[in-house]
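You will see two complexes here that share chain A, one where it goes with chain B and one where it goes with chain C.
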Partner chain A sequence: MFDILLQQIANGLSVGMGYALVALGLTLIFGVLHVINFSHGETFMIGGLLTLIATTTLGLPYLVALPLAGLGGAVLGLAINWISVRPLLPRRDGAADVLLATFAVSILIHQAVIMLWGPTPARIDGVPGAFEIGPVVLTGQRLFVLAAGLALLVALEWMLRRTRFGVELRAVAQSQFAARVVGINVDRVNGVTFGIAAVVAALGGALLSPVILYSASMGQVVIIKAFVVVVIGGMGSITGAVACGLLVGLLEAVLGLFAGEGIATAIIYSLLLAMLLFRPQGLTGKRAR
Partner chain B sequence: MTSSPFILGVGAVLAVAIGFLVDSPYFASVLAYGVVLGIFSLGLGLTLGRMGYVTFGHAAFFGLGAYAVALLCVEFGLSYWAVLPLALLPGVGLGVLVGFVSARLGGAYFAIATLTTAEILRLVAANWIDLTRGPMGILVPVTPLPWQEALGWNASQAYLSLLVVVAAIVLALIHNLNRSPLGRAWVAVREAPDLAESLGIPTVRARVWNVALSGAIASLAGALVLPKIFVVTPDLFGVANSATGLLAAILGGKATLLGPLLGGIVFAVLPETLRFVDAARLAIFAVILLVVVRLLPGGIVSLLPSRLRPRIRAPQPVAGDAGPTLFPAAAAGTADELLQVSHLRKSFAGVTATQDVSFTVRRGELVGLIGPNGAGKTTCFSQLSGFLAPDAGQIAFDGRSVIGQAPHRIAARGMVRTFQHAALARNLSVYENVLTATHLALPETVLASALRLPSFRRREAERARLAMACLAALDLTARADEMAQDLPYGEQKLLAIAMALATRPRLLLLDEPAAGLNQVEAARLADVLRMLQRAGLTLVVVDHNLKMMMAICDRIVVLHHGALIAQGTPAEVRSHPEVIQAYLGGQDDDVAEMRS
Partner chain C sequence: MRSILRAALLAAACTFAVSAAHAQDPVRIGVINPTKSLVGKQGQQGAVVAAEMINADGGILGGRKIELVSYDTNFLPNEGVAATQRLINQDKIRFITGEISSTVALAVLQLAQANGALFMAAVPKHPAVTSGYDRVFRLNSTTAMDAKDFDAFLVEKIKPTKVAVIAENSDFGRLTIAGLKKLFGDKIVAAETYEMTQNDFNTIVTKVKGSGADVVCLAGSNMEQYGNILRVAAELKLTAKRCVMPGILNSEGVRIAGPAADGAFSADIYVTSLDNPLNKRFVEAYKAKYNELPEKIEVLGFESVWIVAKAMDKAKDATDPGKVAKTIHDNSWETPRGTVTFEKNGQAVAGPLINLEVVQGKLVPAKQ
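For the complex of A and B:
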């Protein structure tokens, strides 16, 4: 029994890395633009779909499909920003309108994919092999998810801390107005932030789909889990998103062992409501007011 | 103007007419689904239109109502029609829960919380097989309605005519609520939450009420759909239902009465008439939603010329009616010292905004609070009115502490503040703004509002008289029907005072009422403040217009860098060396103004 638990923890961490990557983009966009991109989960799904098409229809190796998925994610992210975010932001009810518009886009993407490729889940062959660490067996893909996810996080952190764009992004996050005053092109920063978030989400989908099976509805499921992650981690907090992403993945795997998958997911979702009730600023945030 | 008896009358006529006109069971059934969807959208529109909260999970309420009634029917063998009204209860319960969890955080959190709630319920319904039979669903037996046979109708006709009656009742109730203190509170909370709170509106309670009522209506709609679908499945909680209701409310016009109902009917009938789009139904809905949000945020109704849209008009002033006395409460109470502030202290991350400030305001006094920019005057006001919690010190109003009380509680006790920026519900009329603030003076119950009972009408007439009296007191009667945002700046400041007056306060805290006013407007304001004091009101005024302050104040308290440096009569303060020093360090003009 203990061995199974350890195995579930290892499995949960790799799935959690996928959640962390999606939540990261959600929280980044919220931190910079102060809006919620509801269609973010569909970018994750498109990452999986592009990987499926590249590996099966085009017959490319998985490691070649991966950057293609990231590229597709960037294009999609920029398009979403162009269609449903940028023109609505300056409005009086901008945040609510962006929420509605990205919700519409998410349904549109989901339905379009179902109509064109069908709703059936599909297997994707990822990195082969398996490694035994004591009683725990990690597949090559799961290890790869953890390693690649970690590499992405480090790269992102470096970008935020060390590059000129990172400084600009953090300036816009603190105050759009002040950033504009000192000559930062806020629209460009917003757009690039959107693009980066989309690349990370699409890569997350490409990484995770060999583990959890690709399906057209994987985006709808992951977006709610990403919400759980960012609400627990504190909206706008990057460290919170990563730590809680791993935590949620782990908790889900362990709970699934005892309660079954459906109920485990329901419990994870309930955490969001409990969090909003008792500590709305998240684990990392400070109490406002 | 539409009245609720009129709505009910039209509903009754339609119910009978439709029963006889629509005899095709197919068409009646499609139309019935449209009316159910319309009722669902009406519930959703209450939250979206009144509070401005986007929801992605109203199917949580819809599905809960359906499951509750289905389980009551199947588990206890009760008749569907008998348990139907009980569907309101789980909706209220879930609404209070979701409302309390998320509505105080506002905006996006509400959308996330409703979506998550719907998903939790869907998972529970799909996995708690013993109770819900899982994805298979529950088959609900529906007996024919008693009057079906008597009238010689088919089942769909009888069902449809019942739905039309229910829709009319729901419409009438919503219409009544919108024109009550609660409905006005929703708009105030949406437009300016801090102002609403300062006028004594309990913002959290108003929001929770809204979500609870919205949830009850959506839940009833979910139960009403059963005779059409027969089987309740976990899919009822799905995003497709939430999205359809949302789209119907938005397309119809979320801020209007009839819009969501019409939208619901359109989105039920549309897929039936365009059978070939069935597979693409949701995708087409999504495209429509996107287009409406981008191009037509006000819904179809916004295409109507604005004079066709309903407006609430101020009543005509009756000659010879002086209106209710504005300051009956001024003489009440016991303590002569109405406000006692002692050793008040507040700092923000190392910056001391208030340090050890103590002063007293006696009943009937007009006290000025002055000081150079950054002296901590507004911070002091925010602590008095409950928007900021002091780090240390005591504030007693009429002998009792206000520390730790919510702003709306403090306002209800009679200490009401205005804001530096005249933060009003901009797109409501001047009259409606003031009417919103009358709820403290003449409180109302939700039941009386919803049913528009005679007692409600009596009190509502009183509220209207009070609002008009407040406008008259500030010489704004002629402006009553203008939009608040169209008033000149000086009169917007007077409107803010009129709103505060409508709460029948004992102590008014005015934050920079003269800021931005020209000399004529400032003189008018000074007259108003003197008039209020003569009428028995106690006032504390923060302002930079020292000439006016010296002229009207009985006493002046001077703050500098958060500390109290002087207090006394205008003459005493004017010659106080520390005050001169504080102002000389700042602006020479001010000193010249004080000397003059």
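For the complex of A and C:
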């Protein structure tokens, strides 16, 4: 039993890092632009699709496909921002309009992929090999996801704290008006934030598609869990998103072992409701400001 | 006398002209499928090959070609009903074939019955599709029919001591768990379900591995899900035999699982390599047109048009659904999977299930 528990903890951490990767970008955009980006899941899916095309059609190695997916994500993110966020944000109900507009964009991307690429799911071969640590088995790809997720977290935190852009970003997150007054180009900060979030999402898709398989609906499935993670972790908190992603993954795996998957899901959504009722600022209680 | 002769000649000429025109008039058959999905496309392509093969043989009813009138049902009952309405009211066609989804088929059935149309359902598996209308037929086997053959195979040939089930959280998954619990009783050591949207199966497979089962049965209709479960099972070094419940495993699922699928076994009503002349011809024609090998869904799509057309020919009638339905009931039909007959309720019957296994990435008939 103890062996299984250890394996489930490893499983939970690797699944949780997947949730965290998607939640990261979502929470970043919320923290800075104060909008909910519904097309985030589809950017994640496009990351998976680009990896699939690069590794199968173009025959490139997986580790080369990864940055290509990130690059594709950046282009897509900037385009989404330019088309469906930037023109709407200054309106009186800008945040609500952006939510609806990005929802429309997500459906457009999803349907376009089904029409142009087809509905067939596909396997992507990622980092090969498996590691056995005592009774626990972890595949190379899952370890790679954990490591890459941590690296991304560290890179983002460093960017926020140590770079000039990070300072600008935190200033915009605190007050767009004040940031404008001190001469920060708010539109540029918003755009770059959107781009960074999209890169993280596409990299997430590229990292996770070898684990969960590429399918046109992979983004729709993952975005729901990511919303849960973002709310429990605290809207706008980067560390909160990662910590909470890992926590939700762990809870699912360990509760699933003792009580069954259905109960585990019920407990997690109850936690979401309780968080909203009693601690709406989230577990970490502060924002990336 | 001369005028009588002339009149007779004229009449004969007219008759000839009419019958000649009639001979060129194509016989139209309606085909409905969720054509934007992969399975829908597979079924549709099977139907197209059936029409082309019949036309290549010179058509039916003394040289009339088959013309398919096809509409998309998009897996939605309301779109299925719209497609059927268009066939019946606008195209004046009362012979409807195809479809994948049971919910769509059940909705279409109501409309077909109200208009006295014949409905040859290809894939829908729900038992209620064949209940109480004498012009409805179903080509696919039902889950109960599959279980009857497969249960015996599991008990007598595989002889498991501990069985685990991994099933999707759907009617099909839950019924399969119930069926296996009844069959194996105490030997069931784990029964796990997963959501139709789930995409990470490490937790479930770890639990099943911990249960010590020597046979694991998978019951899920989504190939990306059972394909991924097979993959995770290999990653976590699960040593139990892997059984995919009958009627689910196809080469697309095997491709998704990759090398991890090797050794998995299953059963189905059709396998591409069946050795009979009609199947060989069908496989060749399908491959020539689509550059892929046909499987069960394609064959069922094929049969739906093939049997209706052949029955029209035999009944010498392409307008009366009742007469054609009776002909279908009264005869047996040669198709790529062998001889097909129909039970009183319209359910197709064709020999026992074929046991299958995955050998080096290919789905082939089992050697046992």
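To be clear about the criterion, the second predicted complex is superposed on the first by the 264 of 289 C-alpha atoms of A that agree within 3 Å, B and C clash if a C-alpha of one lies under 4 Å from a C-alpha of the other, contacts with A are read in each partner's own complex, and residues count from 1 in each chain.
Please note the rule applied: a residue touches a chain if its C-beta (ideal position, glycine included) is under 8 Å from a C-beta of that chain, and two chains touch if they have at least 3 such contacts.
What you are looking at is a predicted structure, and each value in this text was computed from that prediction instead of being measured.
Undergrad: Touching A:T56 in the superposition: chain B (first), chain C (second), both, neither?
TA: Touch partners of A:T56: none, neither chain B nor chain C.
Undergrad: In the overlay, answer first, second, both or neither for which of chain B and chain C A:L108 touches.
TA: first
Undergrad: Classify the contacts of A:F227 with the two partner chains as first (chain B alone), second (chain C alone), both, or neither.
TA: After superposing on A, A:F227 lies in contact with chain B but is clear of chain C.
Undergrad: Looking at the overlay, does A:G256 come into contact with chain B only (first), chain C only (second), both, or neither?
TA: After superposition on chain A, A:G256 lies in contact with chain C alone.
Undergrad: Just chain B (first), just chain C (second), both, or neither: which does A:I4 touch?
TA: In the superposed model, A:I4 contacts chain C only, not chain B.
Undergrad: Could you list which residues of chain A make contact with chain B in one structure and with chain C in the other?
TA: 220, 262, 265
Undergrad: Under the touch definition given earlier, write down the residues of chain A that touch chain C in their complex.
TA: 1, 3-4, 7-8, 11-12, 14-15, 18, 114, 118-123, 125, 130, 137, 139, 211-213, 215, 217-218, 220-221, 252-253, 256-257, 261-262, 265
Undergrad: Under the touch definition given earlier, write down the residues of chain A that touch chain B in their complex.
TA: Contact set of chain A toward chain B: 35-36, 38, 83-84, 87-88, 91, 93, 95-97, 99-101, 103-105, 107-108, 111-112, 115, 220, 224, 227-228, 231, 260, 262-263, 265-266, 269-270, 272-273, 276-277, 280.
Undergrad: What residues of chain B sit close enough to touch chain A in their complex?
TA: Going through chain B, the ones touching chain A are 52, 54, 56, 98, 100-102, 105, 107-109, 111-113, 115-117, 119-120, 123-124, 126-127, 239, 243, 246, 250, 279-280, 282-283, 285-287, 289-290, 293-294, 297.
Undergrad: Considering only the defined contacts, which chain C positions touch chain A in the complex?
TA: Listed in rising order, the residues are 36-38, 192-195, 197-200, 202-204, 206-207, 209-210, 223-224, 227-228, 231, 235-237, 252, 255-258.
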